[in-house]
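These are the structures, in structure tokens.
Look at the two complexes coming up: subunit A is in both, with subunit B in one and subunit C in the other.
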Partner chain A sequence: MSTTFLPCGVYHENYPQDHAWWQTKFVKGKMILLFLLVFVVIPLLADAYWISVCNQIGYTILGALGVQLLIGYCGQVTLGHAAFLAVGAYTSTLLILEFPWPKFLIDWGIAYPISIVIAAVVAGIWSVLFGLPSAKVKGFYLILTTMAAQFITVDFVITQYVSQIGGRGQAFSLPPGTIKIGPWVIDSDQKVYFMMLILVIMCVIGLANLLRSRAGRAWVAIRDNDISAEVMGINIVKYKLLAFFVAGFIGGIAGAFWISNLAAISPEHFPWFWSLWLVGVILIGGVGSIHGAIFGSIFMVVVMELLQLAIMPLADTYPKLLMDFLFIKEAAFGLAICAFLIFEPNGLAYRWWQIKNYFNLWPFSY
Partner chain B sequence: MVKPNELREGDVLLALEDVHMYFGRVGALAGVSLEVRKGEIHSIIGPNGAGKTVMMNCINGLYRPQKGNIYFKGQSILKLKPYERAKLGIARTFQKIEVFRGMTVLDNIRLGRHIHLKSGIISGSFYIGKAAREEVEHRAFIEEEIIDLLEIEHIRHRPVGMLPYGLQKRVELGRALALEPELLILDEPLAGLNLEEVEDMARFILDINEEERWKVTCILVEHDMGVVMDISDRVFVLNFGNKIIDGTPEAVQSHPEVIKAYLGVEDLYATRR
Partner chain C sequence: MRMKDIWFKVLVPFFAVAILVGFSTGWAATITVGALNDMTGATSDVGKDYALGIAEAIHYVNDMGGINGKKIKLYQFDYGYRIPEALTKYNLFKRLKCVAILGWGTGDTEALAPTVARDKIPYVSASYSGHLCNPEKTPYNLFFSSDYSSQARGLITAWFDKKWPNHKDYGNRKPRIACCYMFASPFSSSAIKAAKDQANMLGFEIGPDQDVSLFAIDTKSQVLGLKEFKPDVLLHTNTVMSVAATLRDAYSLGLGADHIIVNWGYDENLPRLAGKAAEGAMGSAPWAFFGEDVPLMDKVVEYAKRYNPGIPMEKRTIHTVQAWASVLGLAEAMKRADKAGNLTGPGILKQGFESMKDLEIGLGLAPVSFTATDHRCQTVINVYEYRNGKFNALEKVDLKSRWPDKWANEWIGW
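On to the complex of A and B.
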């Protein structure tokens, strides 16, 4: 997407100004208001239910960022991203439960943060492994090889082998108090919410910075035209694998974050449908834009929750509605994607860009 | 003793030696030899299907010839991948425009700086200190050297896919220039341009070749005979994968084989076996 038009009367005098993120006073004010909203207003006003909805949104954003990087920026269609979330979640869980941490690390609450970093790296490497076919295949064929990631990782390795570690069988339960960052035990939705905010902000900043530097441009170049990208001096195999690594890395963070919100973790938390869901999220939000991942996540989660709220009162008269809610949810997901592909194929992010430009150029929009 | 990377004007920069390229049983190049000297504009002409673009693809590594060898600055580059050849200083533009349509003009040209940038994924994700400074330095280079030269200031923030054809060609040239190449392969840079754009483009090519700042050696594949004969130092004529002549524009124009193969003669049917 091209850059936003600047409002009348704003001039840049040097290149750093033109490279900056927030280029006008208005944008800076707007961003401060946004931070106030998410850090102060929402935790103060929202009840536990809406905070948990926000956590769900944050988790979806973290997952969708990786998918957005692969599909939207690097053009490598992936349908197995939940596998890397699962790898992150399981690595972090196993590290917390099984690794013989020195006592002081647990007391200081550093074990979980360290496990997040290790989980991210492991998920990144695991993702590179399944990104290797991208060196040879493109498009539809790559979709199938990434689906293999899902089935091999979640349905085979994790269900059959990883879940058996420690003789637990299906699920790993996380006893209360094991998830601890510094002095804080992450035991309420509110605390998960703040952790989610910090992780989302870090990942968004990191990814946005990558996309305006050397690696990000190389990814977009590979998406747009891989032959001329190679002729321009880009090692396309290396950069495709780097994209898979970064996507897996963010996915690993997402997975390791999500265990703080769960009492127990099992392979059912990472079904193939979740991979598909993340692709749907970026389709609705807008392919090829970080805003898209965020808007899409908010839209999908909120719409699903509203759907649930709408169905609740009807459940007394039609109890079957509640029983079949999962199917209704999937149908709504399909409908939403159809509607967006027909009426707004560029997604919510494009609408947002149009609105911004409308106000920047108002009243002379030509 | 001249070091291999310090060639003087007139030394051989690129040499093709007996290059054979077959697609199945179709011979696209049948033993072509070519020497491009530093500082010259070496044009390659020939009828459609003569193998000109195949030859260019061999030079920058998209195809690997079955037989023969290619030398750049005295060393064989036959086994190098396209991106490795780009790092040596071979840039090209394409016959059908191959710009990055979703990126802005500025980002396209920035991408050409790829081999000169150093930031990796870690420094890039923080974008402080060196990584940010590097972006500013290269932005200055792009603005002052390339955008100014090619006169595309007014479209620098526009997505390339939305620009008219002539400007896209110009952006593609700018992107190749951003590599600061020693050898620039121009594959039909004038195709599909109107008269004014052709004149502009020819002027840009001459600027790039002659200005002290650039001094880029060019290989020009082109059908526009007027421009080719005016700006080339040497002309190489290719027909069905065979060299007909490699010489000055005057020598080429008067060569009977060239007239027969390319420009056409009236008794063409009589001479065809």
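On to the complex of A and C.
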């Protein structure tokens, strides 16, 4: 996808302008409106249910960003990303429950934020381990090695060993009040929502900045043609592993965020299906675009919720519809992927890009 | 049709209607109850029958006048035993203003327990995990059964009392026990700690645990893994499909151990799936088996025939009866709360469940009592033995009477 066209009369005179985040006053106004929408309007107007739907969207975005980086920007197809979310969630949980924090760190509400950072780093390193085969294999073979991440991490390491820490068995439960940032105890959907917003914004900004750095250009070069990239002097193993680290890092943040939403985890929270779902999200949203991860997440979560709400009035006449909704949901997921691959292979992000350009060039859009 | 046409002619009107419908809550002045069931996931081998029973029992309650004249509106979903799916469904139930939820598995019930406590919504689960019995930790979690941990304790005790004295090595060595369950499943693993505690207390030698998936159809490697230990008895805490597979493999490989099985692995399908290997298998069943001659069973059968005539009665199982127990128990709690003018979450808990003392529900379930400090509503474990094509009552182990101090002070909540 090429760059967005600038409105008539707006010119870039240097590279910093060319790479600026918000290039015109109109864009700045738009972003301020967006911030007002997500930080003020939605929390004020949406009820607890829709706030929880937003939280689900945020979790999906955080998961999908890493997948987008690996598949969309670096060309490393992954089907094991749920494992890195699990590593993040378990690291954060174990640090909160088992680590002998000095009391003042708990009182000051610093334990959870620190645990998020450590969870992200651990998940990043764990992701690098499963990225190592990418130095030798690619394509279909790499998919299988990333799937191994799921089975080794969740089904073996976490289930057999990590879950046994503390002697509880399988599920870890976080007592109320343990998840807090400073004096801010995260104990309601709305508080989780604000935390989700902050994390999503930080991850999007961080990833977007990385993508316009040397590393980002190297990833795109590897994706487009790894042999050419190597000929150009790019250390492809180093940059592939860096991509795995960053993807795992963001996945770790997603996992650490997830525990605030539920206050409990077990290995069953991270099924292999979730990795597949995240790939579906970026296919629908648009491969190779941060917008794609966001739009795909919104689409997949909201469409499924609307579908559910749409069939509920019919349930009086056809009670089995509710029981069969899981089938309907999965069928809709499959259909959506097929429909997008056929009708809109570039995903929702491409549609967004077209709309933006249409308005930027209006009335001279020809 | 071009993509644009699809959007504007089909999808946009569809979503517009959906949004309108979605934002309009409450269709009539009924009491809404949510139900999460597993028809397609890891525990669907027992979940289907339970789900059918929930819907049939709700029909029965409504036909009998509902909750003091108010009908129950049931929102019943299959969540495929996926915890994230359970979370989204739970949020939907909140939005639908469900006064109570009929839940399913241990993973999602335990995961939702802190949220349920925060939202003050009574959650009557089909998970009978011992971790859900301490109101200090999980005040809004309840169920109408003996908990898994107590079942495991009762089964081990019954085997120790009834079978071990007849063993040829009795008096010469310690009895040997091993546990077969899915390590990754909070459901399967929830009773293991209590089981080992009971086994240690009674002087068992405990062998290596065997990881048996809920999906397992071949467990030969696990059975072979036990050959060297030579267990006298195996404790199974999975659902019936994998339990039957283990029984079959243990039989064919000549392991020679007895089997004791927690309720979800012990139903009418066990002998069908395991054949001869099920002979002598002991299990716990807090309710009567489907079709047994106990109070209210005629209604269970009648409603099964009326609402699901396509399913032959001989295919229905004890899990339908369990579902009825959950629904009738919840309905009684709601009636009490409604009578007290407090049909809210805290009302249903305090004026409903926690006011139940020796309540007779029928269905073969022993009298039910909840208190504000103890949500173990059953103290006696009904142990059956499958012999000659029948489930025969073998023993009733009254844990509370036998170990009153441990019951009151040590065994609650795990």
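Following the convention adopted for this analysis, the second predicted complex is superposed on the first by the 364 of 366 C-alpha atoms of A that agree within 3 Å, B and C clash if a C-alpha of one lies under 4 Å from a C-alpha of the other, contacts with A are read in each partner's own complex, and residues count from 1 in each chain.
Simple rule for what comes next: a residue touches a chain if its C-beta (ideal position, glycine included) is under 8 Å from a C-beta of that chain, and two chains touch if they have at least 3 such contacts.
As the structure is a computational prediction, the values presented were derived from the model and not from experiment.
On the superposed subunit A, the positions of subunit B and subunit C stay apart, so the two partners fit side by side. Residue contacts after overlaying the shared chain place A:S213 against subunit B, while subunit C stays out of touching range. Of the two partner chains placed by superposition, only subunit C is touched by A:L326; subunit B is not. By the touch criterion stated above, A:H291 is placed in contact with neither subunit B nor subunit C.
Once chain A of one complex is fitted onto chain A of the other, the partner contacts of A:P271 are limited to subunit C, with no touch recorded for subunit B. Of the two partner chains placed by the overlay, neither subunit B nor subunit C lies in contact with A:K240.
Of the two partner chains placed around the shared chain by superposition, subunit B is the only one that A:H19 touches, whereas subunit C remains out of contact. When the shared chain is aligned, subunit B comes close enough to touch A:V231, but subunit C does not. Taking the C-alpha centre of subunit A as the vertex, the lines to the centres of subunit B and subunit C open to an angle of 140 degrees, rounded to the nearest 10. In the superposition on chain A, A:Q308 makes contact with subunit C only, while subunit B stays out of contact range.
In the superposition on chain A, the chain among subunit B and subunit C reaching more residues of subunit A is C. In the superposition on chain A, A:L262 makes contact with subunit C only, while subunit B stays out of contact range.
Superposition on chain A places subunit B within reach of subunit C only down to 24 Å, the least C-alpha distance between them. Shared contact residues on subunit A (touching subunit B in one structure, subunit C in the other): none found. By the touch criterion given at the top, residues 1-3, 15-16, 18-19, 206-207, 209-210, 212-218, 220-221, 223-225, 227-236, 242, 245-246, 288 of subunit A touch subunit B in their complex. Those residues of subunit A lying in contact with subunit C across their complex are 47-49, 52-53, 56, 155, 159-160, 163, 167, 169-171, 173-176, 187-189, 261-269, 271, 273-274, 303, 305-310, 312-313, 315-316, 319, 322-327, 339, 343-344.
The part of subunit C that touches subunit A in the complex is made up of residues 3, 6, 14-15, 17-19, 21-22, 27, 37, 39-40, 51, 55, 75-85, 87-88, 91-92, 94-95, 106-107, 110-115, 117-118, 183-186, 189-190, 192-193, 211. Interface residues of subunit B, counted against subunit A in their complex, comprise 60-62, 81-83, 86-87, 91-92, 94, 98-104, 107, 110-112, 114-115, 117-121, 123-127, 131-132, 135-136, 139-140, 143, 157-159, 175-176, 179.
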